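The two complexes that follow have subunit A in common; it is paired with subunit B in the first and with subunit C in the second.
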Partner chain A sequence: MNLEEIKEKTVTLCAQIFESSGVDTDLLEYVDFVDDLGMDSITFITLIVEIEAAFDITVPDDLLLIENFKNMDDVIGVVFDQLSESV
Partner chain B sequence: MTKLEKLLKYVSEHNDFYKNRIKEYGIKDPLDITQWPVLTRKELQENRYNMFSDGYKSKYYNQRLRRQSSSGSSGMPVNVYWDYKDWYVSNLSVWRLRHKWYGISPNDKCVMFTLNVFNIQNDGDTVYYLTNPSSVLFVNVSLIYDDQGYIKLLDIINEYRPKWMYIQPFVLNKLIRAYKCSKKTPPSSLKYIESVGELLSLELKKKATDFFEVSLANMYGSEEMNSIAIESPNGKMTILDSNVFVEIKTKTEITQFGNGEAIVTNLNNLCQPLIRYNQGDSIIISNDLIDDKTRVIELIKGRTLDSFIINDDEEINSIMLLEMMAEINNYFPQVIKEYNFMFDTKKVSLKCYLTIEPSKKEWFVAVKSAIIKSFQQKIFPLNSCSIEVMSSKERACLCKKNPVLTIE
Partner chain C sequence: MGRVALIGENSVEYIDILITIWNNGDCAVLIDCNIPPVTAVEMMLEAQVSKCYIQQKYYDKISDSISKSISLISYEKENCSDRLLPVDIYNKFQENYSKDEAIVIYSSGTTGKSKGIVLSHFAINTNADSIIDYMQLTKDDCIYIVKNIAHSSSITGELLVALKTKTPIVIAPVVVPPRVIIRNIETYQVTQICINPTILKMLLEECRRKSCLLYPLRNIYVHGAKTHDKLGENARNFFTNSNIYFEYGLTEAGPRVTSQKVNNSSNLSVGKPILGVDVIIVDDLGNVVGANTKGIIHVKTPSVYSNYVCGDKKLPSLYSDWLNTGDIGYLDDLGELYIIGRKDTMINLCAHKIYPIEVEKQILAHSKINECVVTMVTFQGEDVLCCLYISNEDIQKDIKSVLSNVLMKYEIPKIFVRTDIIPKTRNGKVSLIDVNEVILRELKGV
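Up next, the complex of A and B:
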C-alpha cells in the first residue's frame, strides 16, 4: 500500500470518527484533532482501534499518546511506519 | 524479557514501596513473580499515597493522573491512579477484542448501568446522566426502586438508541422483565450486550439472547485493573494477557491454573503498580489454552454462589446485598471499613456485621438504620425475612458469651 492509498483510507476513517464534530472532510488534513475537534480519550482509543483494524497493524504501546496522533499527518505517519515494519 | 519481567524490573528500580517489599520479604530475584508477596486490599488502602513510582507524585499533585475508584460494594472504596498513557494501553487490550469479536468501537453509543452517585438529571423517578459528547448514557440503578422505574427507563433507552449496553446481570433481568411487562421492544440499534459485575447464569444468558437477539458476552474486570477477561463468541472467558497476569491462590500455593482466589498483576500501570493484588474473587482457571498460550477462566464464583431461598421462591443473593451496600457506601462514604452477612436459617434472619472506621464510630447508628430501611424497602418488603445489624465489636461480645451464635 502506497502513501496515497494510506492517506485516502485514513481520511475516510477519520471522517467517520469525527463526524459528530461537523468538520468538512476536505478540511480534516488541516485541523488539530485535540484543539479543533476536541478529541477526548474515548475518541482517541476509537481512532487507534479503527486504524489497527483497517490496516491490520498494532500500534506499539510507547506510541499511545494523544500527542502522537494530533493530526492527519501524525496518523498517516504511524500507519506508514507500522506497515513498513511489518514488510 | 516478557512484559511481566519488564514491569517487575521497573518496580524494583523505580518504586520505593516495592523496593521496601524486596528487602522486607527477602526477594532474591525481583524478576521472578513467584517470590513476591500478595498485596492485600487493606495494604492498598493503607499505602495508596506511598505507592507512586518515581516521578509520579508530582503528576498526582498537579492533577495529571487518572483516578479509578471502586464502587465501594465490598467495603471502603479503593483508589488507583494511572498515567493516561498507561490507561490507554490498558483499555486497548479489551477494546481490540470488543471491536474484533463484536464490531463495537469506543465511541459507539452505550448505556452503562452504575451503582455510583453522580450529578443527576432527574426525569421523574428515573435518574440518568448523559456524557458530553453523548456516547455514554449512565443510569444510576440504585435510584430505581421498582418495576415502574424500569419501565420508564425503557423510553429513555429506546430514544437514545444505543449500539451496546454495559450491564450487571440483575439489572439485565429487571430490564427484560420491564420490556416484557410493558410490551415495549428494545431499540433496533442495539447490537451487543456486555455483562459485568457477576457472571451471567446460563439461564439468564439464554433468556437475554432470545429476547434481545444480539451478541452477549461476559466481561470480568475491576476498577483497580480495568479488564481482566472477556468472553469470546465461542464462550471462552479469555484472559487479557496484554493487560494482566492472573494467578490462583489455593490453600497451599499460588499457581497458574486451578481453583482459588484471583491474584492479579496489572502489566500496564507504572504509576501505581499492583503486583500480585488479591482481587477478592474466587475463580477457576482452566488447564486448556487457546492457541497453546492464552489462558481461560472457567468460572468466576465470586459471590454468586452466596444465595439462599426463603418460602421456596424468594431469593436473597449477594448481588442484591452488594447493590444495597454500594448504595449505603455512597451515602456514607468511607465510613464502613468492612461488612459481613450471615444467614440464620432457624430464625430466618440475616445478620449484618459492620466494622466502622475508628474515627467515624458515631455514624454506626445512622448506617444501621439505613441498612434496615433499605433491606425492608427493597429486598424484603413483605417482612418474610428480618435483618439484624450489629457492630463487629457487639458480635465479638455475643460470640464470647454464647458460642452457639457463631453460626458461620
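Up next, the complex of A and C:
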C-alpha cells in the first residue's frame, strides 16, 4: 500500500469517526483532532481500534498517546511506519 | 488543613502523592488530566487550592494560565506502562474516619457542567467498607483500575478497597484500546474490574473478535451510566466465565449506593442497597411509593457528601433529610432497584411525561440498531422528539411502525438521525448538548 492509498483510507476512516463534529472531509487534514474537533479518550480509542482493524496493524504501546494522533499527518505517519515495519 | 490539587495520569506516583496529601491532613482536589487547561485552572480557583501537584507532561500546558496564588509542583511518572502497586504504598496508607475533607471530585453530568463535590474521609472510608463487604475478596484476587483514578468510583471502589484489604492492584494507562486491557487482565491474572458501559461495550466487541473470554476475571462490576438491556444481555451471554454485576451510585453518595450480588442473567436491575445504605422512591410530592411504581430515588447513606465547592446546588430533598439523587427509578417486589433516567432529562411533551430511556430500550430492541439516544430538540419553534442512532442501515422506514406496537404515539420520535458516533462526555456519559447539536445540524441541512 503506497502513501496515497494510506492517506485516502485514513481520511475516509477519520471522516466517519469525526462525523458528529460536523467537520468537512476536505478540511480534515488541516484540523487538530483535539483542539478543533474535541477528540476525547473514547474517540481516541475508537480511532486506534479502527485504524488497527483497517490496516491490520498493532500500534505499539509507547505510541498509544493522544498527542501522537493529533492530526491527519500524525495518523498517516503511524500507519505508514507500522506497515513499513511489517513488510 | 488546606486543599491541594492533583493532576496526572493513573500512576504509582499519583497514588503516593494522594496518600501524602491525606497524611498531611490536607484535602486532595482531583482534576482529570484530560480536561482543558483553562477549565482545570478554573476548578482550582473555585476550590481555592493553595498548591497543585502536576505530572510533568501537563506542567507546561497549565503553567502559563495559572494564578500566582497557586504553587505548581511537578512530578515525574515512572516510564513504565503498567505495574502492581508496591508494598510501601500500602504501608504508607493510614485509615481515617474523620469528618475532615478528603477529596473534591469534579463530576460531569449529562449537561457537561462540572460540580466540585466534597467528600470526607468518613464518607469514602465507610463507602469503601460497604463495597468490601459485598466484593468478598480473597487472597487470590487482583483488582485493575481501568478508569481514570480522578473519579470517585475509582478512589473509593477500587483504590481504597485495595489499600484496606491489601489486595494487589494494577496501575496502568487508561486511555488504551481494549486489546491492552485484555492483555493486562491476562498478564496480571486480574480477577476484578470496575468499568462503565462504554468500556464494557468495547471489551465485548474486542473479545468477540478474538474469541477471548477473559478467563482470569471473576467479577465485572458495571456502573457510571445506565447500561442498556441489550448490551447487558449480550455481555452476560458472552462472558460466561465471569459474573457481571450492575451497580448504581453517584459521587454525592460516596459514591456506591446499590450493587447486584448474584449474577442473575435475566435481571438487569442495579441490585439492592449496599451495607448501611437505604433507598426509597418518592413521588413529586414527597410521598413514598410502593413497589414497581416509578418515582424519584432518594438515598440515606453515611457516605453522603459534605457540600459543593461553589455555592449550594443541592437538589432539595423531597423526603426528610434523605439525598435526592435526581434519578428516576423503581424498586421491584424483591427490593431490587431499576434506573429509568434522570428527572431533569424526563421530557414533558404536550403534557405527556416521556422517559427517554424507556423509548431507547424499545428502539434498541430493533436488531439493526447498535446504539441510540432519544432527546427533545426545539426546531423552528416546535418541540420535536428525536432519536440519534447508530446502525449499518437507514431504518427510518420501518422503525416507526415497529415502535407503534410497543409505545404510545407521543413516545415515538418524529425524527431519526443516523450517525457513526454518539457524542459522550469525558466520563463516557452521553453529552445531550452535543447530541442536540448533531440533530439540529441535520434538521437544518448543514
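The definition used in the following text is that the second predicted complex is superposed on the first by the 87 of 87 C-alpha atoms of A that agree within 3 Å, B and C clash if a C-alpha of one lies under 4 Å from a C-alpha of the other, contacts with A are read in each partner's own complex, and residues count from 1 in each chain.
Going forward, a residue touches a chain if its C-beta (ideal position, glycine included) is under 8 Å from a C-beta of that chain, and two chains touch if they have at least 3 such contacts.
Quick caveat, the model's predicted, so the values are computed rather than measured.
Colleague: Since both structures carry subunit A, what do subunit B and subunit C do when superposed there: clash or fit?
Modeller: Because the two structures are overlaid on the shared chain, the partners are seen to clash.
Colleague: Is A:3 touching the first partner subunit B, the second partner subunit C, both, or neither of them?
Modeller: After superposition on chain A, A:3 lies in contact with neither partner.
Colleague: With both complexes overlaid on chain A, does A:48 touch subunit B (first), subunit C (second), both or neither?
Modeller: After superposition on chain A, A:48 lies in contact with both partners, subunit B and subunit C.
Colleague: Touch test for A:61: subunit B only (first), subunit C only (second), both, or neither?
Modeller: both
Colleague: Could you look at A:22 and tell me whether it touches subunit B, subunit C, both or neither (first, second, both, neither)?
Modeller: A:22: touches subunit C, not subunit B.
Colleague: Name the stretch of subunit C, from among 37-45, 307-315, 361-369 or 397-405, that runs into subunit B once the two structures are superposed.
Modeller: 361-369
Colleague: On subunit A, which stretch or stretches are contacted by subunit B in one complex as well as by subunit C in the other?
Modeller: In subunit A, positions 17, 20, 40-46, 48-49, 52, 61, 64-66 sit in both the subunit B and subunit C interfaces.
Colleague: Please output the residues of subunit B touching subunit A within their complex, sorted ascending.
Modeller: 84-85, 87-89, 91-92, 95-96, 99-100, 105-107, 133, 135-136, 268
Colleague: Which stretch or stretches of subunit A touch subunit C in the complex?
Modeller: My answer: residues 16-17, 19-20, 22, 40-46, 48-49, 52, 58-59, 61-62, 64-66.
Colleague: Can you tell me which positions in subunit C touch subunit A when the two form their complex?
Modeller: These residues of subunit C touch subunit A: 34, 81, 173-180, 198, 202, 206, 419-426, 428, 434, 437-438, 441, 446.
Colleague: Which of the residues in subunit A end up touching subunit B in this complex?
Modeller: Residues of subunit A touching subunit B: 17, 20, 38, 40-46, 48-50, 52-53, 61, 64-66.
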